[in-house]
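Letters A, B and C mark the chains as written, and numbering starts fresh at 1 in each.
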Amino acid sequence: MTKVSMTVNGKAVSGEVEGRTLLSAFLREGLGLTGTHVGCDTSQCGACVVHVDGKAVKSCTVFAADVAGSSVKTIEGMANPDGSLGVIQQAFQDHHGLQCGFCTPGMVMSSAALLAENPKPSEQEIREYLEGNICRCTGYHNIVKAVLAASGQDANAIAAE
Amino acid sequence: MPKDHGIGASTKRREDVRFLTGKGVYTDDMRIYGQTYAVFVRSQVAHGRIKSINTGNAAAMPGVLAVFTGEDFKDVGGNPAGWLIKSRNGEPMREPKRPVLAHGKVRHVGDAYAAVIAETYAQAKDAAQQLADDTDIEELPAIIDMAAALANSSNRVHDEIPDNQCYDWGWIEDNRAAVDAAIKAAPHVTTLELVNNRLVPNAMEPRASIGEYFPGTGDYKLTTTSQNPHLTRLLVAAFVLGIPENKLTVVAPDVGGGFGSKIYHYGEEALVLAAAKKLGRPVRWTAERSESFLSDAHGRDHVTKIELATDLEGNFIAFRTETMANVGAYLSNFATVTPTFLHGTLMAGPYKVPHVYVNVKTVFTNTAPVDAYRGAGRPEATYSLERVVDKMCRELNLDPFEVRRKNFITTDMFPYTTPVALAYDTGNYHATLDKVMEMADVAGFEKRRAESAKRGKLRGLGLSTWIEACGIAPSHLVGILGARVGLYDAATVRVNATGNISVMVGAHSHGQGHETVFPQIVASKLGVPESSVEIVHGDTSKIPFGMGSYGSRSLAVCGVAMDKALDKIVAKGKKIAAHMLEAAEGDITFEDGKFSVAGTDKAKTFGEIAFSAYVPHNYPLETLEPGLEETAFYDPANFTYPAGAYICEAEVDADTGKVDILAFYCADDFGNIMNPMIVEGQVHGGVGQGIGQALVENTTYDSNGQLLSGSYMDYAMPRATDVPFYNVDYSCQTPCTHNPLGVKGCGEAGAIGSPPAVVNAVIDALQRGGHTHVTHIDMPVSPSRVWTAING
Amino acid sequence: MHNFDFLKPASVAEAAKALSADGAQALSGGQTLMPTMKQRLAAPTVLVSLTGIAELKGVKVDGRTITIGAATTHATVAAEAAAAYPALAKLAGGIGDPAVRNRGTIGGSLANNDPSACYPAGVLGSGATIVTDRRRIAADDYFQGMFTTALDEGEIITEVQFPIPQRAAYVKFEQPASRFSLVAVFVAQFASGVRVAVTGASENGVFRWTEAEQALSAQFSAAAIDGMAPPAHGMIGDLHGSPDYRAHLVGVLTKRAVQAAH
């Protein structure tokens, strides 16, 4: 076991990990941040996406020890400081962009990474960016709409075209 | 103006807030003091005889607390099939025991034959590997192909079942001779052989279970990923472990999707409970995704030959279907009803066809169990019907829209009893067809096709019209048909002293939005704000009873139970109000949250009545109990029959075989709508899954029974780039005639109606593109299959 | 997965030393290695992360050569190679998904040499040079069949040097599940001739389709290879496509790459 330290959602944290401890396990088991979900073992479903130093990564495919010293942001850090839903979260609620909620943390984190890179993505750019996030409930329609809306675009008009 | 609250409003989902902030609590998110970890040891071979399991090495490994094998459960009960189906000759189906852990033989890759409990997950995993190494299994020939399984009586999945057949079912057997005669005499017969591809449900949350035992009271608690905790309690308690039902609580907390796969009781649930009792510590298990692929109940997997007899103008005379349905290695709880009463009874579709006969042979194979998956039997029926109708239209050069139109049951014919014994109460199939044609601009298709052709692409348009029987449903009927349970549901409405309301419902939400929609109904009915109503679900210790959520039944059955409990609340409120207002009970009216004396301005608010019920100082105690809480059980008189028409436009790249879905249109009749936003979301999700089945999802076992598509590396899940925005309409409404809400159910529609629309569009594209030899391609219509069909 | 000691050296020299231990294995982005370890198909006892070595990171353009540090992520290549070598940037930007591209590296991809990976096609198609802590290896000598390379035990790729062609394109046809290449083709035109590298198709991993190279070197147009396809023998056959289908796709995608080259 070795000690790792990092910043998670703005707070300095540390914990004992094995070499094989995944970042997702460190967040869930070590820190109790169970909003990050694990939906597969082949690095494809994207339910575990978090930001490491501002970049979206699949936390099930990163060793905790490998990101020691980094700044990590999870779904628990996405609300506004007053606890209200952030813009992307609010857009997901407004547009019914989630059903069972299991893929949702990863979807929100990937969407946030997209909008940081590309503030006004097209429908196609959104679909391509979310290629590594699988949702079984929504058929993606309302997720794409939510991201369009979060970027300030008229999601209803674009979806109706 | 759209409504802003109550029935018919697109109220935003309250549950979203916790899911969007990472505060949902799914089973694997729970941490329990003293918890231990279970890992299952699963068969690597499809079929084998267990010669020996040496548990000694594994048991001695660091952190290992216990090791279980099939031997430990040989004296407890099996996990039963929920429906007893009889063969055509009157014999009952063959029903082999499904043990908690495999004993004697392993019967599919992934069949769990042992489990290790340890202090940590890693320790349990290491010991499970050791146990696998210390197990001697003699591999036997795998039985994978259904036809071969039926033909070969020497090679048996279950030694006591000689032909690997569960049953040979006819529906309706008395129709058979007339159907055969009608087909023989018909001017035209279209025949189609097709495969309804096996699917892996793939709810994004893998299955997980936590068992707890409380030695002080002898109580058990199972926290599990279930769509129906009461059914799980019944199965675990009464059938498998023999625990008194009142000593077992089953909790299904936030559940990350189900689609059928979490209806059933699985052996892992019984194991964690038994292990928790033995160890006196909580035992938890969460499936890895690769484990889910091997051990979740799969869906579909039919091989079908369907014949459609018509006159030369395309008027339907008869449908005759022969299907082999795979049930896998063991009977999962609904495995026997899915290919029969959820499939054969739908084989008239929305059509006034005089003759229908369905034969289904259900086959054991060395594959994972197969059971109901979103739509369950009805997608199989719809796919067979709509593909053969499409083929017939081409053979006779008839317009597919006109053919549907002239064969539809008309509105003046309801109630309409089909030749396969369903009684459709209401519908308007012409209306949804007209609507979808308008939405899809069918008239403008040729122009769009020409535009695609300029880009070198083949464009096609596919139509599917569908009907389903859902809101399952009347216990007296399903009992006659072989169900071993009733299919009512229940709700308790508890008005608290301060006027807010708790509603305990038997339905379980794992994405459907009950926590939002059910309060909308309460709010409309009682004239209270939605925010004053909380829904309690998923805990057998809190809710009266329930059969859970599947078969698009939550609203049409449980919602109606709640509605009936609300009626009782209003009735009691009127009695209290009559006393307080010194009026006759018959003069009290209830509207907008107020009990009033008719024709006067004397009134009491709902809150005042509730308070009085709990602080009964001025109350008719001699004739009325205090308190304001009512329970209703509701058993519907019939199934509900949603229906609709779907159009898919697709483009084929003939050089690569790739299909792109360009547009998808749905016109559905769900009866009355409680929350349009949620209805649309349900249709989107269903269509997404249907497109997945049609285009990319494929479960493949090799001849040795190895699952080749055992991870997302080889099992294609539809992604955001695979699907378009969908166009959804639900304005054609014929309210259900036999429930007071007039609702029908919308959860499965998209998955039922969409696959044939997609495949019909692909065939249309190829035909119009000159590849006239291609009359059918089995799903998934993958690039390689399309290219092979074109060039074959 | 099995446990191991995790090391994160700050220099190539330290990494090389760490990798000399028995059972040591290099870890770059981990996007392929980690799923393999979860399945217990790989079980190193020491894992040496290369992601902390600054000298292994970065994209440099020098005249007609672009040099990419081995631990440079796909996302970085997609962004920073876009001006100098757009076809290579597009290849990098199409690997996996955005989260995978933020971790996965060129060195990791090349060391693994998955038969369906994208980078082997870009490297072989460009005639790039793989530079290690010990030597320089020409792409033509580097790829030695699926999951097999010229690398010796413990040898670390430090950078990859790509000559920039006159025009090039990468066209990928995705396997619907994994989104790896079912077949993908990299076409690059140099003054000295045309190179065509194919990934996803062959049981021997990435290969050069020399017949098409000759035809395209004579005339760089889709018409020059009309109707051509490599033999199906030796192509991968699996549930996503037969050898015949893959061979056919090689022809189709090569034409499309020629049309897209710029």
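As a convention for this text, contacts are C-beta pairs under 8 Å (C-beta built on N, C-alpha and C of every residue); 3 or more make two chains touch, one makes a residue touch a chain.
Computed from a predicted model, the values in this text were never measured in an experiment.
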As a test of whether you follow the contact definition, which chain pair has the most C-beta contact pairs?
A-B
Using only alpha carbons, which chain's centroid is the nearest to the whole structure's centroid?
B
Please tell me the distance, in whole Å, between the geometric centres of chain A and chain C computed from their C-alpha atoms.
28
Chain B and chain C have mean C-alpha positions lying a whole-number Å distance apart equal to 43
Multi-partner residues in chain B (2 or more other chains touched) are 122, 290, 712-713, 717, 719
Touching two or more other chains - residues of chain A:
18, 20, 41-42, 44, 131, 133
Counting only residues that touch at least two other chains, what does the list for chain C look like?
2-3, 39, 178-179
Under the stated contact criterion, what part of chain C meets chain A in this complex?
1-6, 8, 27, 30-31, 34-35, 37-39, 47, 49, 51, 75, 96-100, 102-103, 178-179
Which part of chain C faces chain B closely enough to touch in the complex?
2-3, 39-40, 173, 176-179, 182, 238-242, 245, 248-249, 252
Chain A - residues contacting chain B, complex:
18, 20, 28, 32-42, 44-45, 47, 74-76, 78-79, 85, 89, 92-94, 96, 98-105, 108, 123, 126-128, 130-131, 133-145, 159-161
Chain C-facing residues of chain B, complex
122, 126, 129, 290, 655-658, 695-696, 698, 700, 708-709, 712-717, 719, 782-784, 787-788, 791
Inside the complex, what are the residues of chain A that reach chain C?
2, 18-20, 22, 41-44, 46, 49, 52, 55-58, 61-63, 65-66, 68, 110, 113-114, 129, 131-133
